[in-house]
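Down below are the structures I want you to see.
Two complexes, one shared chain (chain A), two partners (chain B, chain C).
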Partner chain A sequence: MTENNDIQVDPPRIGVFVCHCGSNIGGLLDCKKLAEYAETLPDVVYGEDNLYTCSETGLSSIKKAIKEHELNRVVVCSCTPRTHEPLFRKTVQEAGLNPYLFNFVNIRDQCSWVHMKEPEAAFDKAKDLIRMGAAKATKLEPLNKNIVNINPVAMIIGGGVSGMSAALSLSKQGFKTYLIEKEPMLGGLVNDLYTLAPANVKSSEFLEKMKGEIASSSNLEVFTSTVVKSIQGFVGQFSVDLDNDGTLVKVDTGIIIVAIGAKSLKPFGLYGYDGSNVVTQLELESMLQDESYSPKNVVMIQCVGARNAERNYCSSVCCMTAIKNALILKERDPSAKVTVLFRDIYMPGIFQEKMYKKARDNGIIFLKYSPEKQPVVEQDVVKVHNEFINDVVAIPRDMVVLSTPLVAYDDNKELGQLLKVPLQENGFFLEAHVKLRPVDFATDGIFIGGAAKWPADITESISQGLAAASRASTILSSEMLEVEGATACLPEVNKNLCKGCEVCLNVCPFKAIVKNQNGDIEVIQALCKGCGTCVATCTRKALTIRHFTNEQILSEIIALTSE
Partner chain B sequence: MGFVPKILGFLCNWCSYAGADLAGVSRIQYPPNVRVVRVMCSGRVDPEFVLEALKRGIDGVIVLGCHPGDCHYLEGNYEEQTKFRMVEQFLAIIGLEKRVRLDWVSASEGARFASIISDFVASIGALGSSPVKDEMSGPEVKHKLEAMIMAAGTDRVRALVGRQRKITEVGNVYGEIVPKDKFDGLLATAIREEYLRSQILLSIEKDAKSVKDLTAELNAEPSEILKHIVALRGRNLINYHDIVGNTPLYIKIK
Partner chain C sequence: MMVQMESNSKQALVIGGGVAGIQAALDLANMGIKVHLVEKKPSIGGRMAQLDKTFPTNDCSICILAPKLSECSRHPNITIHSFSDVQSIQGTTGNFTVDILKHARYVKEDVCINCGVCAAKCPTRVDDEFDRYLRKRNAIYMYYLQGVPAVMTIDKDRCLYLTKGACRLCEKNCDKEAIDFEQQDEIITLDDIGAIIVATGYDLYEDIYPLTRYGYKKHRNVVSAIEFERMLCASGPQEGHVKRLSDGKEPDKIGFLQCIGSRNARDKEYCSSVCCMYTTKEAMIAHEHNNELESYVFYIDLRAGGKGFEKFLTRGEEEYNIKYIKSKISEIQVDAEENPIITYEDLESNEIKQMKLDLVVLATCIIPSRDGEDLADKLGIELEENKFIKTNAFFSAETSKEGVFTCGCAHEPMDIPRSVAEASAAAARAAEVIRGAV
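And then the complex of A and B:
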């Protein structure tokens, strides 16, 4: 950061920016008052509130204030550093400040969103947090970033369409790529599908084409019947242990893409589900493989086991699947009666809307039911309350097809723990930011695509797989990556404190601390990951950790306890 | 207005802080009493931070890390656990051990984060306001916590705790694994002795005192006080100040 050395960092001149985040924070907390409060704090020379501090307007406002008020520290009070710290660090850097002279105060994810019924207490909490954040800011020091070498190798977990798309993209870009699939063959859920909507292509043909491309890629190595056992390392330098059908395989990779997909819910106990005459859409797909299969009276029920208290989401692919399969049945036998019982039809997009119109034109009947008055499946009929005639209609049936949602795999939790990435409430993987970073995880070097994140159709799965590959290649295409400069060290001034007890050598999990030829303790910067455990252990308090020094953390404690 | 606990929380960046954010994203509501300091790893939480916060009148301190085996830095949470047990042992001397808690929250456990916070806030609520804030007994409790900060900061206690996992799990320099109960005994002795020594040091910081004075003041056996006086002289921390009659007075070296 040598280019930033012209800005005087002492005495501290702090600017505090309080973000409304639309109404996410501003709806509960008086952000203007918080900014005014910040201005009363020691070393804070400027405070302002912004509708969105992360918007172009907000960011230029920060830059302008740095110039106008000669700020040498910036504090943003907003969402969470886990998503937005990089953006604000970049902004202060563009204004000539060292990026480490920035501090984040979390008043959304850990305040306004979680104390919605206690606005006054939340306001007091926000004040305390801002006081603590400003106190730490006064103690911040400019730092240089460290460099990590990138192993230009990719690993994709999950060999469905999303994972295969990602793997093909990365291998075509020239990166050695590993594709890991837990089942004996690639293809995932698409293996069980008959045709793909809305393009109406045979899924087997589609899959064969993809699998063929994979087989002919020389730098793409596929491991089937393989699961991940352990993951060590960090962006650029992961090392992964795989269990390949009982054999341990070790793989080193620079990035990891999670594309493990989801599974179709089997609705045991609902609507007389039996897997033969009452089946799921997925099971119907296999029955359709027999091209002579053509039942006379078919009733499809949508939203089975979805959009309820247990699974509060719309699986988004079932309406399209049901209409696609209804059209196939109707085309095989135009005299067949196909009825779709729905709560709401979700068919966004031009092709999908056309499909829906075609289904209606072809005589497929759509009847709305309400969740309070669920359809009843009987021996030969399905009875459903129709709100227009306010009476029960009995629809003859040979087959009942239940549209069930895609649900997360039960072992997502284990994989999440291995990767150290979060899941959301329904067990799907949670991306770093729903809008700003849709295929990233908060952890560097790990990406997500396809139905592992959320029910996705083939088009979306491919797009996300390609998007994840593209994000991954931004890392893989560089030889080196700048990483945290907030590492541990034995500062020159503390050298005389160190008595060489070597306790720090024991506790460093990365073996980053050594005794050099002179008998002095030395922290190898490239190996240090900045956890700070050695600092909290050092018997003489000689070691320090940049950006989380004793002085900085104590300043937060002192600020909290002195008002 | 009843008692509103004010609690300090240390959250590790990778698991518990992410879990707290997830509670936010999921809009899980929990009591607004905790003020969070973000650290990269729970292993960063120096025992001094916890004791200092209590000395300054905070009602409770909670440290949340990754689940055992899940630490982003492999073992930082285990190291924190050994440090935290030491802090609890100090606090147990003055009955404050229930005001601190160490627990684990993963990045995917927003609901668990909220429930741990709710539970801890309720338990601090039941304990009532920090005794440090009590007008009568507050200064004395504060003084004792000051002695604990000194004692927990000594080479002896820090080195024992820092080596605990190695010597009880891997083996010492001679390859011997020290049994856990033997180690616990060593640590308990170190804690008791260093706490008393720190109290002595604080007591004779300004005024020179005799063994007899200290015995009465610190409610200890004269022989024990004398033993510590000798040890502290050996560390070159105290000195003779004067001899009144036949009684030597000691004072802390500045």
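And then the complex of A and C:
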């Protein structure tokens, strides 16, 4: 981090841009009046309203105003900094301003949307927010972004199909790649499957081909029987300690991809599950390896242990697995009776819906049951209430197969802590944005693919593995990376205030604060996300956070209470 | 990001500027690979730009897409060819040559500032395609408000001057002198294309097939889901206040009909994958506009396999007054007030029932892009039986031709997260080819 004390800043000349966001804001608040109001505020020399400030038209308008009105601070009053702050910072930068001389005022998510029914009060609140934003703008200081060097090496944790796909792609793109697998061999859950849907390919053949490709890649190093012990560093510069069957191995890498998959739920206590005549789909897969195995009467029950209060999710792969296995049994013995008891058949898209039709055409029976009237497994029959005939039907069975969901590994928690990345409520990893950043973590340089994020079939796991490789490649392809500049620090002038109490070390959720050899507190800039927890807890007020300094926050409070 | 340029001179071509094409282009560009992004419409953004909100987070669709549009337009490694089609392709993997046909928009892209004065002066009003014909636009127009590039386009089939030789009001009123009636279609030849990504998205069933069985286009209170999406949207034709097209009345009871044109032997047999979810989202948003709203979803199977999807449906039932009815629809009639009355078989009770509604929304089937066959011919790639791009069952980025990859709804109906992930996957494969090419 460069010190910015020597950068000269002229007296503030603030421009305020009020966005209508179509009618999201403009439909409730008079944006033109708000822009006029802004112009009455101290140091504000220009105000305007835009239909969409984020459109190319709006952005050019900001740049034009910076030039024409010699603005040195820009305030945009619009949606939310979560999605739009980077864009506006970049815009002011393109017009020659330091990107941190931009301030965001949230008048949509935190005003027009939440006060939809009170337009007048919302208008007053918007005025308050704008006054506060402009006041803070006068106190803004230019900051430099932190630069980190990128080590062009990739590490993938998890050697299933998703992890293997990611590793192969990165190695083919020319990056030194490490693939880490906990088990003695690669392949993950696919090792335990007989065939793969929707194309009915032998799992063993599929895996052999992929493993062969990995073995022949020169810059791809595989560690099996290996677990991650510790992870230090940050994007571009991670150092990882691995436990390779009892031996410590140290690996330096620029990025990390998590692809540790998920496991199939064992339904103890449900439907008389015994692992021999009442089995899971996964157990049936291994029974099918014996090609003479061909039971006469098979009943499959879907959503076992899923779509309930405990696991309120559809595992998305079980219908396809059940239908695939039902077709195999029917093919082995066309006279076999195979019945699938389901709640909703999840076979979306082209390939899967076609499989479902084939199953019906081949005489596989599908019966719907409701969660209120669950099937009952008895010695020779499965009894189920059929809503269509409004009666209980008894279906003969030699074999009952329970379709259980994929559930998160218990390891996720530990790995999540090592990586400092979050899990969602079912224990799966939580990505940066469900919609638009499906394989990124919020933490820079760490990515996620496959069933560790959410139950996924083979096709999707491979696709996500490749996607994670692409995202990783966008970092590895550069020698250097800019990271957030609005971070915490211990300014030189405050050094004597710090008494070394270490409260900050303990509260930092990103483990970004260390004590150096001299016993002084130091904030590792590339790790700091600027959350401010350390600053708020610092007993001596020695730490400060750039872009959210006490002076800046106080200026907002004073502005709020000034009218 | 400080992007280092790939030393290899090979570039990538991405066909289709929807969210998938945009993501693929951005990933490649951020790897230091030059990308040409070709979009047939006047602006990039695709279907996602037309949606009001997105499930399961109910984020405003254009709001989360817009930063990506801007990023594309300012990225030094991305060249956007909007209002353009792929004309021809030669060569093989690692070394394609592509001709792009850039249609004349009769507006200078580098001069127009999208001030809108021309449109205000244009005397011709035509149905707006982006708003699904629920609103009018002028013959000179912005494809949509936040469109990128942010320049006007003249609809040459509707412009008075271009069709009848008189008017030129837009030209007279443009201070910037951005109007150029002499502009011609232009062929742009792109050499050194190492890899191609096809992200051409989808069309909708109602665009091609009549939905007379459901009274679509006959009864004004039967609309398709994309129309309803525009009706809900704050920047749409009804400015976010849903009103019936027959009488402007706010609906209190809406029926959402699933699998329209899909999952049956008469129509398309496949499942469109996204309708159960977007229907629930639409019912939720409509309920936020009108807290008295009752929504009825007539479905075959509820398909909610994605992350947080099942919970989303539960929320719909518990908090937004949505009732899901497993059923088959037999017909739709209207009464004297044009209220739709649907007749359906309730598959839970096995009874034939009727329900009177204020509005019916049809979840119509996602179908392959209409230009798909033509493009596939030019590219030399195979299509599957429904005319989506044929892919490997396990490696969904792979088409039948080496060096040509695909992602998103161009090969199978799917939701936005999967399209985005697939786009990155296709980018990874394209980067492998480009970096391996000598």
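Everything below uses one rule, namely that the second predicted complex is superposed on the first by the 354 of 563 C-alpha atoms of A that agree within 3 Å, B and C clash if a C-alpha of one lies under 4 Å from a C-alpha of the other, contacts with A are read in each partner's own complex, and residues count from 1 in each chain.
Operating definition for what follows: contacts are C-beta pairs under 8 Å (C-beta built on N, C-alpha and C of every residue); 3 or more make two chains touch, one makes a residue touch a chain.
A quick note: this is a predicted structure, and the numbers were derived from the prediction, not measured.
Comparing chain B with chain C, the partner in contact with more residues of chain A is C. When the two complexes are overlaid on their common chain A, residue A:A394 makes contact with neither chain B nor chain C.
Of the two partner chains placed by superposition, only chain B is touched by A:N106; chain C is not. In the superposed model, A:M185 makes contact with neither chain B nor chain C. In the superposition on chain A, A:S169 makes contact with chain C only, while chain B stays out of contact range. By the touch criterion stated above, A:L423 is placed in contact with chain B alone, chain C being left untouched. Looking at the shared chain after the overlay, A:V114 reaches chain B, while chain C stays out of its contact range. When the shared chain is aligned, chain C comes close enough to touch A:A469, but chain B does not.
In the superposed model, A:G27 lies in contact with chain C only, and not with chain B. The interface of chain A with chain B overlaps its interface with chain C at residues 424.
Chain C meets chain A in the complex at residues 1-4, 6, 19, 23, 27, 30-32, 54, 56-57, 59-60, 63-68, 70-71, 73-74, 113-115, 145-150, 234-235, 239-240, 263, 269-273, 301-311, 314, 326, 347-350, 384, 386, 388, 393-397, 412-414, 416-418, 420-425, 427-429, 431-432, 435-436.
Within the complex formed with chain B, the chain A residues making contact are 80-82, 106, 108-111, 113-118, 121-122, 124-125, 128-129, 132, 232, 413, 416-417, 420-425, 430, 442-443, 486, 499, 501, 503-504, 506-507, 509-510, 529-533, 535-541, 545, 548, 550, 553-554, 556-558, 560-562. Of all residues in chain B, those touching chain A in their complex are 4, 6, 8, 13-15, 17-33, 35-41, 43-49, 52-53, 56-58, 66-67, 70-76, 79-80, 83, 106-108, 110-111, 114, 153, 155, 158-159, 161-163, 165-166. Contact residues on chain A toward chain C in their complex (touch as defined above): 21-24, 27, 51-52, 54-57, 59-60, 79, 83-84, 86-87, 90, 94, 169, 172-174, 196, 198-199, 201, 206, 307, 312-316, 344-354, 357, 368, 387-390, 424, 428, 433-439, 453-455, 458-460, 462-471, 473-474, 477-482.
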